[in-house]
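In the two complexes that follow, subunit A is the common piece, with subunit B as its partner first and subunit C second.
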Partner chain A sequence: MADEINRSSFLKWLVDPIESTNDVAKRAYRFVGNRRVWLVPLALGIALLTVSALGLVQSPEDFFFAYLAGWSFLLTTALGGLFFLIFNHITRASWSVVVNRINETLVWAFPLLLVLGVPLLFGMHDLYHWTHEALYDPSSPQYDEVLAGKRAYLNVPFWSVRIIVYFAAWTLLSYRLYTFSLRQDVDPDPELQKKLRSTSAWGLPLLAVTTAFASYDILMSTDPHWFSTIFGVYFFAGGTLCAVAVISLVTLLLQRTGGLLQNVVTPEHYHDLGKYLFGFVIFWAYIAFSQYMLYWYGGIPEETVWFQHRLRGGWAWHSAVLVLFHFLVPFLILLPQITKRSTVVMSIMSVWIIGMHWFDLHWIVLPVIRDGGGFHWLDITCWLGLTGIFAGALMYRLGRHPLVPQNHPYLGESLQFENM
Partner chain B sequence: MPTLIQNLKARLGIFESDADQVYGLLAEFPDPGALLHAAEAVREDGYRHFDTHSPFPIHGMDEAMGLGNAVGVGFFTFGGGVTGFAAAYLLQWWTAAVDYPINISGKPFFAVEPSVPIMFELTVLFAAFGAVAGMLALNGLPRPYNPLFYSDRFRGASDDRFFLHVAASDGQFDVEDTAALLQRLGARHIELVKDDGSADV
Partner chain C sequence: MGEGEPDRDRLVRGHLSFHDVTEMVSRHAEKKAPMAWYVAFAVAFSGTLLLLALFAYVVWNGIGVWGNNQPVGWGWPIVNFVFWVGIGHAGTLISAILYLFRQHWRTAINRAAEAMTLFAVVCALIWPTFHVGRLWAIYWTLPIPNQMAMWPQFKSPLLWDVFAVSSYFIVSLLFWYVGLVPDLATLRDRAKNFWRQRILAFFSLGWTGSNRHWRNYEKAYLLLAGLATPLVLSVHSVVSFDFAVSVLPGWHTTIFPPYFVAGAIFSGFAMVVTLMVITREVYGLKNLITIDHLEKMNIIILVTGSIVGFAYITEFFMAWYSQVEYEQYAFLNRAFGPYAWAYWIMMTCNLITPQLFWFKRLRRSVPVMFALSIVVNIGMWFERFVITITSLHRDFLPSSWGYFTATWVDIGTLVGSFGLFLTLFLLFLRFVPMVAMSEVKGVMPQADPHFHEHEGNGHVEGDGEPYITPAEPALVKAYRAGGTEDEETSA
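After this line comes the complex of A and B, so read on.
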């Protein structure tokens, strides 16, 4: 059977839990490119991570923080894709059906990300200051009253349980959304559509809560004295923006280099993806500024310290770049209608936004250990190495299934979609 | 031939009467479909100064009339947004740092941070003003006087009737020829509307 569960090996299940369904794909939706092309980013990724391993010997602290920035880049993007898929199901969006499969291949990422996150466990001591035992010993000169007060939440066993719960929830949600949709390609049972929607309905609040807490545990706790209640929304805003950029970029690559999905994804769909990019560029800026302005106004040292790190020395340039190139320039470029309908502009903007999302996470993570701003070579190799492996797995999945959910009840509507 | 000004005004839906005070021919069509086809045929025949009137929007009419996309409104909106942004910046700076400076918890008299919400709100407000004003301007509205009001039948344009108006200012306009064309297109009723207050069948 085409839609059987992939049991051949754990590694294969990790990358794609369902056997190839290409034999049922309709001609227009079949992947006909080179099926081994996914090996290219995978090989590049492994090569770059091997190079990064040399850096691990040279400077472990730089390695772990660079790895955390690169890994969070992929995690937020996958979470953003999951949000995007869920709210498109819940709202019965029809325009997005033609790009749903591309989003679904992005979303089946959490088991692989969990495995790719294992190296971070060896760097817990470097990454998370709150893991140091001496902080909690009143007789030690390093005793920290504030962190001792947070110990009930910030301790290794509870942290580990939480991470496992988050990944279990995300894996469950993405498994259901991914496999129901693939089954639908083989069997147009209307029950599957109902299951996709009901999973999305209970999945949304679950995803919202787990994403917010994951942002506190994984990123915010690298600076454990600091806290921000809006941090989870910031994490979500950047991730969803990057996920839409990834969906646009993969679609454009399939069309322009693979010659696939011709007349399936049209400028009308790019126009809507562009509107989402535009909307989330503004939303990201809105949330980022909300976080900043309230702390500026309050002027309380324990709250402003995080921004102090990021507005002094070389990091001030990073902050300025974020305002200009994560918000102002993409905002002005994506403002007119014509740019969102142009595949050239959309290609450039997708790559741009993906790059800026990593830059944003680099700005969150690296000031914890570095004073002067700028980049270490490990920042780049860890990021691109992990992204190479992630992209290889994504392309592998993409080549094994129809490129469009071909039995989705709103597919016809999506193909006919017009903005004006 | 119509002058450039006349052509520009015609794009806003404002047509001038000719020397004999003839405003144009008003043809009534039985249903929206007939009006859509008539508009298409009149445009393909080379007419440019014409307009349609119906009680509700007809899907595809903009294309049939060759109106294209309303690009202009976006510039008015953008202009309004930039104006609001700059106005809010000046407002914040002048009120807080020049006209009535008050020291609040040691903060600077003027800073960009607390001004951003004001700048954001006024950008949105003025952009909306720009959009509405631009839409009205580009539609040639408000227009309290239109010679078509002299036609008694034209009242039905806001009820259940569908009209095509070919203006006398169009270079190709000729009372007999144009009337014959409209007749061929299935017009139910044709009248000649004049600027002096008369409308002849």
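After this line comes the complex of A and C, so read on.
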């Protein structure tokens, strides 16, 4: 029954490739929410994207860059969730089992993201300067020697093939990790646990390489003259941070508003999620600072230009906000034990970090077209619109299956888990 | 307790009791050292003497006796420095980072790994000290008020090195010593000889193992672990800044900080495997340092090795992508220039051979892992060699291209530094408990308060309700029943 993959409609497969297994859920893990949980974000998302479409008519460039920032925000989060899930499988983590299902639900996002990414294809010419043919014509005044040298990598056919390969790899990985775990709910076959671990093992190098190259293709090449070897790690650090924040937030929402997962997810688990948030806040800052400091110190023009854009004009404020509110404030708040164990603080911090992760991507993407800094209304509507659709799909999936992998061999350990 | 997971929570093999663990570990610090130890010590100590003699020779004659030349101002001393600092990082990873991640398997190896860290950092610090031209003025690197009103340049990563490595040494020493206190008290209580008792009493700081002691101890240990973790990552990042802040093609790249850290963990773990494989064999600790421990270390070697390999590929790709001709040439020169041999040794040892650890059979084979751990360290030494030498010997101006050839002093000091490292390590094995007894006992099944329980809610009488109300009492009960398998323990 759970093995039947519903092929009846493509849309359903995008959102959830497995038939609902809620009927096998034990009472403690059954989702009892109503449709509003996913309909409201979905409706809001569609409404906001419809409004954004008006902006597309008004100023296409602003729309496409805002859309890219919002879409990258979701993509990095889904990738971060995939990394986090793989880490927990490989290390045989037991504390995380109670939030694993939420993590898995987050991870089945790539087919939907690919569909949501289609509008970007119409903006390729605006987004990616290297798509302009004149750059490669030696007789043209726009001829660019540097970009002509990169043409073997930065050209539309090869770029498209790469994107398809990345998404195929991510979909395959998330499909396996998501569906094996759902099957385990119905059938506690120990083989499934082995499959989850082996998939994670070969999936990790695959995921690492594809994520790094995707970061060059999708974000770094918006400024095609600039390059940085650490950029892929930066992309990973922010995404994983945001994914942990999303997992915490969804868990808190289920618990606080839906009354679900009572005595399943305890302050002990929030404490650990908080530690991960804390750790990745530091890791992100370490990577961001390393990238900045090394380019500032060397002072080589073709490398500093990217930061020049982001430290001049209005963008200087954005950079200062990143240092203060993406690193320093979360660092200080999450440092003591008590805040990580408090559901109130964790709720605030999760939302805060999710917002800051988008701000970080906004700071990466938008300076390419906007010298003065600040926000366009499209930046917000595209981001929230896409996020609404994404969140609606996530909550819909979550409502169709047990909220916890109920036959996971370490579930007992996870329920028992205590930090101190 | 998962099905098919025999090694979960079964960190100590052979049904040992607490007393057996104490005996196993303490014995080696108490009995007379065997002949083999003296032989090994004699060999290692002669290496130390060679090192001292050569350093005296270098200081007396000047650093021209090393192979460094005009384009290649940083030769083997810096290569060795980065190599030894890297070796030290695994110890802190095992003791601090794995502690934060609640990886209980670390308990059997953390003491030796921490000791290894200290000795590796000692071996690292000698290089920046002796590769300067005027050793007697090296205190100028310290910000001390002086009659010249001169201060060091705080923008130099070489100065950051001074602070990073020295604070790293101090924190590692404290961390190691704090961990040692309960074990030294055990040795003190077992000591028969008057002076031995007095000396151990001094170093164990009056430890009696009271509840209050333990509470403070655990807190201190956790805080030190929390401090040591960012420290260890920052130290090797600072070491990577020595290269990355320059404008040299092949050095100036942003991935260096995390990539150097991954390489450090990679080589450090390889060194831990090398030493542990021998130690568990010679000292009969196979029940404490089990094949599962070694397998987990090999997995970490595989992961970090793949990260390092990924960084090589990233650097190569970005060199091409950047379209900076110097950067492109730097990497072509590495792969196909006069030092291609070193580059391909590095690639083979670091990227290709660790991939053998994908196979469980090879991961768990002691001869294979021993050979591979040595191969990894050869590869990691060459990695630093490649980064340092090949980027220097050919850069912007072809008129200042050169070639670096090591002299006998270079070779002798490198060999001597291994002698120093092994001398210190052998002394540690001889006088200090090489396994953290108190921590190992803490993860043994007998230490679990539910160990002797076979009925009820798994709590001792009068304990009342469990701290957390479980969602599924039946599941938890089953878990507890599974957690206390009836084992014949020799109490």
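As a working rule, the second predicted complex is superposed on the first by the 416 of 420 C-alpha atoms of A that agree within 3 Å, B and C clash if a C-alpha of one lies under 4 Å from a C-alpha of the other, contacts with A are read in each partner's own complex, and residues count from 1 in each chain.
One rule holds in what follows: contacts are C-beta pairs under 8 Å (C-beta built on N, C-alpha and C of every residue); 3 or more make two chains touch, one makes a residue touch a chain.
Since we're looking at a predicted model, the values are computed, not measured.
Q: In the overlaid three-chain picture, which partner chain does A:9 touch, first (subunit B) or second (subunit C), both, or neither?
A: neither
Q: Quick check on the superposed pair: does A:262 touch subunit B, subunit C, both, or neither? Answer first, second, both or neither.
A: The answer is second: A:262 touches subunit C but not subunit B.
Q: Please work out whether A:139 is in contact with subunit B alone, subunit C alone, both, or neither, and reply first, second, both or neither.
A: neither
Q: Taking the superposition as given, does A:336 touch the first partner, subunit B, the second, subunit C, both, or neither?
A: In the superposition, A:336 contacts subunit B only.
Q: Answer with first, second, both or neither: which of subunit B and subunit C does A:297 touch in the superposed model?
A: It touches subunit B and subunit C both.
Q: Mind telling me which of the two, subunit B or subunit C, contacts the most residues of subunit A?
A: Answer, by number of touched residues of subunit A: C.
Q: Mind sorting out which residues of subunit A both subunit B and subunit C touch, each in its own complex?
A: 293, 297, 299
Q: What residues of subunit B sit close enough to touch subunit A in their complex?
A: Result: residues 69, 74, 78, 105, 107, 113-114, 116-117 of subunit B touch subunit A.
Q: Please name which positions on subunit A make contact with subunit B in the complex.
A: So the residues of subunit A touching subunit B come out as 289, 292-293, 296-297, 299, 335-337, 420.
Q: Taking the touch rule as given, give the residues of subunit A at its contact with subunit C in the complex, in rising order.
A: Per the touch definition, subunit A meets subunit C at residues 26, 28-29, 91-92, 146, 149-150, 153, 190, 193-194, 201, 204-205, 208-209, 212, 216, 227-233, 261-264, 266, 268, 275, 282, 286-287, 290-291, 293-295, 297-300, 302, 409-413, 415-416, 418.
Q: Provide the residue numbers of subunit C that touch subunit A in the complex, in ascending order.
A: Against subunit A, subunit C makes touches at 1-5, 8, 100-101, 230, 233, 237, 241, 244-247, 252-258, 303, 306-307, 310-311, 313-315, 318, 320-324, 358, 467-472, 475-476, 478-479, 482.
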